[in-house]
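Structures incoming, each one as structure tokens.
Each of the two complexes below includes chain A, the first together with chain B, the second together with chain C.
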Partner chain A sequence: MFSPELIESLRQKLSLLSPSLVGLGFELMLAGVGLFLLLLDVLLPKKPVTFFWWVATGGLLAAGAVLAGAHFYFPVEETSYLLGKMLRITAETLYFKGLLGISALLTLWMLRGSAFFHRLDFPAGAFLFLFLSNVLGLSVLAMSAHWLSVYFSLELVSVSAYLLTAFHFEPRAGEGSIKYLLFGATASAVMLYGLSFLYGFTGTLEIFSPTFLQVPVSKHPVLGLVWVLALGGLLFKMAAFPFHIWAPDVYQSAPTPIVAFFSVAPKVVALWVLWQIASFLYEIEELRRLFSLFWAGVALLSIGLGNFAALWQTHLKRLMAYSSIAQTGFLLVVLVVPSPGGFSALLFYTTVYALMNFGLFWGIAKMASPEETLDCLAGKGREQVLAGGVLVLMAIALVGLPPTAGFTAKLLIFSGLWEAYQTWPHPALLVLFIFGLLNAAVFAFLLSQNSFLAFFQRKKHQRFAGKKYLILTCL
Partner chain B sequence: MGTSQISAFGWAFLFIVGGIVFVVLGLWVASLLRPARPNVEKLSAYECGEEAVGPAWGPFHNRYYRVALVFILFEVEIVLLFPWAVVFGQKPLLAATGGQWGQLALLEMFVFVGILALGLAWIWAKGHLDWVKSTVQSPDFESKVPRHLYEQVNERALSVQNKTAGGAAVSQSPSPTSYRQP
Partner chain C sequence: MPENVLSCLIFLPLLGALVLLLWPRPVGAWAKWLTIGLTFGQMGLATGLYLYFEKGPEAPVGVYDLASYQFVEQASWFEISLGRSGRLSAEYLLGIDGLSVGLVLLATIVLFIGAVASYTIEKLPRGYFALYLVLSSAIVGCFVALDFLLFYLFFEFMLLPMYFLIGIWGGERREYAAVKFFIYTLVGSLLILVVMIGLYLSVIDPAKTARQAGLILHEAEASPEIIRKVQAALSAKKIAPENQVYTFRMTAMMDPDNFAPNALLGKSASGFALDFRFWAFWLLFIGFAIKLPMVPFHTWLPDAHVEAPTPVSVVLAGILLKIGGYGMMRLAFPIFPEQAQAGMLVMGFIGVLSILYGALNALAMDDLKKMVAHSSVSHMGFVLLGLAALNSEGAHGAIYQMWSHGILSALLFLLVGVLYDRTHSRLISHYRGLLGAMPYFGFFVMIGFFASLGLPGFSGFIGELFTLLGGFGSAGLPGWLVAGGVLGIVLGAAYFLWALQRMFLGKLWLREASWRDKIQDLHPREWLMLSLLSLLTLITGLMPGLVFGPMSRSVEAWIQWIWGT
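Entry: the complex of A and B
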């Protein structure tokens, strides 16, 4: 009644299972700690918030130790597949998972110091459970080698993110959360639609299957749309141009440590997945040209829209949302030229970006008053020199001014782009190059405005709205 | 199904056709057998025993969604458990894998059900399953009219009703003319 092939494949899958479980140690630990937190929340509901915090942090540290152990278990030069062809582990994947773990730890540390977390009736068990689920989803996403595992891990990330957005329990928070949910549901539907087309063309969903190279995109460029649909879910998580609309509301309403995490971890991990897909597709010359142009376009529009929309913001976290859309654009520039040099630029930029963003949000969390408008920073830098100093330093780094690592990161990216332009002089690349550099100037103004406010402006001074228009006309 | 010439979707199609035939056949036979005596109440839309009043776009209490979500979770669990129960103990599979298959399937299902059970325990402990109970307030009004007077009125009303309805089929629904002592 069962065919011999079926039984043979079953036996094979079972034999692959136990090595896979070793590779999934980090994820299993995270899931276990998350469920343990829920159990504690049921059994010991009266325990203080710090108790749950310590369980979560301890669990994360233990999972990190397991992750570090995986470095020894999986040889650096080899690619190992887990659970059939669902997931794959390379040395780079382990690096990105490490970066994810560090971001999660920094978020927990920021949580420890935030006022909302220590409110009397705060449901810490549920909150930390959702947070660890988010980390778990991102970690699986980083390893995905199958479109279904991309889709499922994105859903896990999204659902926990919708809920994490609402944890201020105000009407505003609910609004941000519902908007996030609606846009997210649409994006994931769009992604599924694209995936169904890809499956129809190729008969497989394994991302790195060579049949994907034979989708006749170069003959019928409209088929590129199928790819755009399929990548939509990842672009949504990165808040890149056509899928960016949710960012301002979510950033404004979510708790600041969570915003810091949202602005780093999903972007970095999604970028890593996109990088893998891009460098795989770029083996075919025509696909390379087509996708280079696509990424150049998305990067250009994200940078432009993010920066210019940010100029009009008066709310601190909305401003950060738009600036993070622009940062997504800068990150996507890497995808225009996937080369080994481009990869080191990617590694460097994402690492520096993660640290810069956490520094910046830490400064904001320390200095801003609850209403979180730009004005509330006025003069605060003089009172809190450390937080103000970090804020200014990170702002300088995010802009990419010379003494900081941010400068090196931007230099790497744009020099890579310049080299690509010289081998393939397409005007779009030049436009992206020039526009990107010019926008760095807008960005510089934006963030220097923050710093200026923090240190040099007396409280309730006249806002320098006029200066914005001056800069705009200069451009 | 190895020897049949029906494709995988063919089987699903057969089930769809079977389902439609079953329902239509049942309704048709019932329509042959049943007496047909419609009245206003029988013809009104059936809405889970509730009287359908007002538009369907009214606001619902969000507790309703919570309970509905939990219900759907467990319904989906059943949908997964059923095919699992069919394949999990198959002797040829167990024999071919040295029992590993059964152990794995059992363990997986325990994990799955365990997570759902934990979720149920959490939502229960946090009070999300508590329904708002309506409190019955008995009126503290004392009628000065003695009880037998009320009964006399009711009897008179009932006899009038019986005469008008022909005596045989008395409507058992609460008639507007029956009075009860408060």
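Entry: the complex of A and C
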């Protein structure tokens, strides 16, 4: 029936597929569990939330085991490509996928303790399906070696994120979700526009294709702009300036565990992709200078805007949104100069950052009352010593005060920046260096207000009045 | 003395804090006794240090030479590879020399007094005493750390306990004061951080670099020849970047030969639009001047003092401010000597400005605690004036003034606390003729006031005398400027004597009649603290050699180092 040649070629294709299957084991498991949950949601007459939760967690753990197995399958020093040249796997990719898996587990754990999750009418199956899809998308994004897979995975992440945002079923949540959708659609259109230009210039969409390095920027000044457009989608996911506008609304309306996840996983994964692109493009001196300045500018504006806008917030999660914009800026500093030392700083910072944010949001989820304003933390530190302690500790780490890992992370990042400045003394780098470090004070002011409210006050409360004065001092 | 006495000094209180925090049941009165005991132990250890510290004309100098520091403890903390651009090494490096030995002793004395004064704290005792113990660790750590990163760690780590101590146990406007304190000092320490990052990425550790480059097998084998060889190779750019081991060690930062050739902060760096060494020096200076505090960065101090509870004020004025002066001596001046020389006039001006401005403010205050706080600004101005003089008398005077002000401000804040505990009012205009009602209290107030205004025989006199002598003898400071400092003494006499006259002399009158029953004379606990401090100011005032003795060699070496002779 089948000719031997066909069978032979099929066998060859299958042997090509098998590393892909191992490499994609994590994603396949996630997809399977997600679909299974959706099926259960339809088939089961009652919706036992705890059962759904266990299925999702168990599935994630099993997927994590497969991921750990992949670690042994793929040699550490080599780069393996999957599905043609769409995806690639390195030791670092596996690390970031591991970080993603841990973030997802922490989110699930936070979900279990959330009140809204246990409401009777809560569609847990659909919710968990969307969440796992989001994780799946991010995981594919982390491996992407092709602009199309970047785009597709970003869309998967975005669509599930729009829906997850709306799961509070309140008008405000709907508003946040719609805003997210609109901004997201714009960002992805911008990205596609940029990609079409890139394709036009080079005839390929493989990210690491040498063709990209051969197009001279000096001849095509528009190329710089094109790159910025193409990276827009990733910047959007990271909530970096100028693609940050969605963050406050989404943070305010989405369920807290999901916000914790949004504040960590997409940023870390997008940063990893950006890092790969940056260190690839930086082989060309011209592009390096251009991009160094671009990242320095984006980082500077994100840090400044995030911190200063946060000063005026009264809503806890809006404040966290702005501070996370600022944190994005700090993360982007590593892109200014991708050096091996910078990479260890990146690994260290992203890991620490994930832990800090989950700790902080866990504390907020534990302590804040439903309206989630700053004032509602008043006196809570005395009632819940553990959560309050964690909150304060994480806040200190986020400011970057020693002896927390947050300080070490910042030290490493800004050391890398100073080194870059020593080899290429461009004023923009110096401005970023000094302004970035000093911004910790603005941030400290913010969070010191927070921990104040949590710890010092009993019932009555008065807001700190010296804000204008402080801002003047800072300026 | 045991080998690791400095580590014991740092970690003893930290251990106590851990015990307090992990204690499963509510802590009882033993918490305060534990704190008093531990700080007493710290004081004992520091006294031992002082006694065993090698003094005299042949004593090792320290300052720029690690080998001649005393009680040195050295261990590798971490060493990581930065890839192509070299390696980074941080050390757990402790040691004292003449600049720090007196301040370590002062710190432990003030902390002990503060612990005794904390006896009356009733609110959240576990948190209070744990934070207090953490604070004492950090303070002592600051004075003995010889690795910049370690120093910075302790320096910043003082911030949070202090912030909570003011913010939770403070007075009415405690939140405002705590945030203000926190932000001001954080900005200061961030400025220091900026310089620290720039510095450590410019400076290599020759011994470790030699090991990395394969010249020797172990860094302990590094002889002076090897070190010179490495330094010569470094400036000739013959050492591969990946073999350069950057270091946080303070003494390495002082040696210009350790700067990498492309380092922006190196001495030979030129051709840049910015003079980086200039800016680095002034950033460090401002960072420490905020702590000191100097006009115009002083405004956090009165707020913090007024709102802080008495023991915290004692620690704040007694020892925290000294870290600003100490940081200038240990870091800013010796690492950037040319910039320090060039900045003498500006620094001297800021010092005198602080003396006068602080004194004028103090004169206008009706709140006794605010008056003492502003007088602190004024008195710390003398420290800066002495340092700016950049000569032997000035530097001796600056350290002595730090010692003296540590004792005296602790004494003064305790005295304010005594009154406030009884009537909950600190306003000068609420009292008259207190001397009759509280004679012993009045006696100690007189000691405190007269010692502070510089009466010969007490320590304040020596400190002010030597800093002014230094100022007048200095080539870089004009006489009229220093004469302004003398005017500060006159103003000091005015506000102290005026306050004394208004509050203590005349016929007894109190704002509220009910206070009459409350103003009992001193308790035994207050007696203990006040007499200890009064004795110290008297003894060191009569025998200044006790303070000058151990520091002399180091101060001479410091001056020589800065003038490059």
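Convention: the second predicted complex is superposed on the first by the 445 of 475 C-alpha atoms of A that agree within 3 Å, B and C clash if a C-alpha of one lies under 4 Å from a C-alpha of the other, contacts with A are read in each partner's own complex, and residues count from 1 in each chain.
The definition used in the following text is that a contact is a pair of C-beta atoms (placed from the backbone, for glycine too) under 8 Å apart; a residue touches a chain by one contact, two chains touch by 3 or more.
Everything numeric here is computed off the predicted structure, so don't read it as measured data.
When the two complexes are superposed, the chain touching more residues of chain A, out of chain B and chain C, is C.
Of the two partner chains placed by superposition, A:L293 touches none, neither chain B nor chain C.
In the superposition on chain A, A:L10 contacts chain B only, with no contact to chain C. When the shared chain is aligned, chain C comes close enough to touch A:I396, but chain B does not.
In the superposed model, A:A440 lies in contact with chain C only, and not with chain B. Judged by the touch definition given at the top, the superposed model places A:L223 against neither chain B nor chain C.
In the superposed model, A:W418 makes contact with chain C only, not with chain B. Residue ranges of chain A in contact with chain B, taken from their complex: 1-3, 7, 10-11, 14, 17, 35, 38-39, 41-42, 45, 123, 126.
Those residues of chain A that touch chain C in the shared complex are 339-341, 343-344, 396, 401-403, 407, 411, 414-416, 418-419, 421-423, 425, 427, 430, 433-434, 437-438, 440-441, 444-445, 448-449, 452, 455-456, 462, 464-466, 470, 473-474.
Touching chain A in their complex are the following residues of chain C: 80-85, 88, 152-153, 156-157, 159-160, 163-164, 167-168, 174-176, 178-180, 182-183, 186-187, 190-191, 193-194, 197-198, 200-202, 262-264, 272-274.
The touching residues of chain B, counted against chain A in their complex, run 2, 90, 92-93, 96-97, 100-101, 104, 115, 118-119, 121-122, 125-126.
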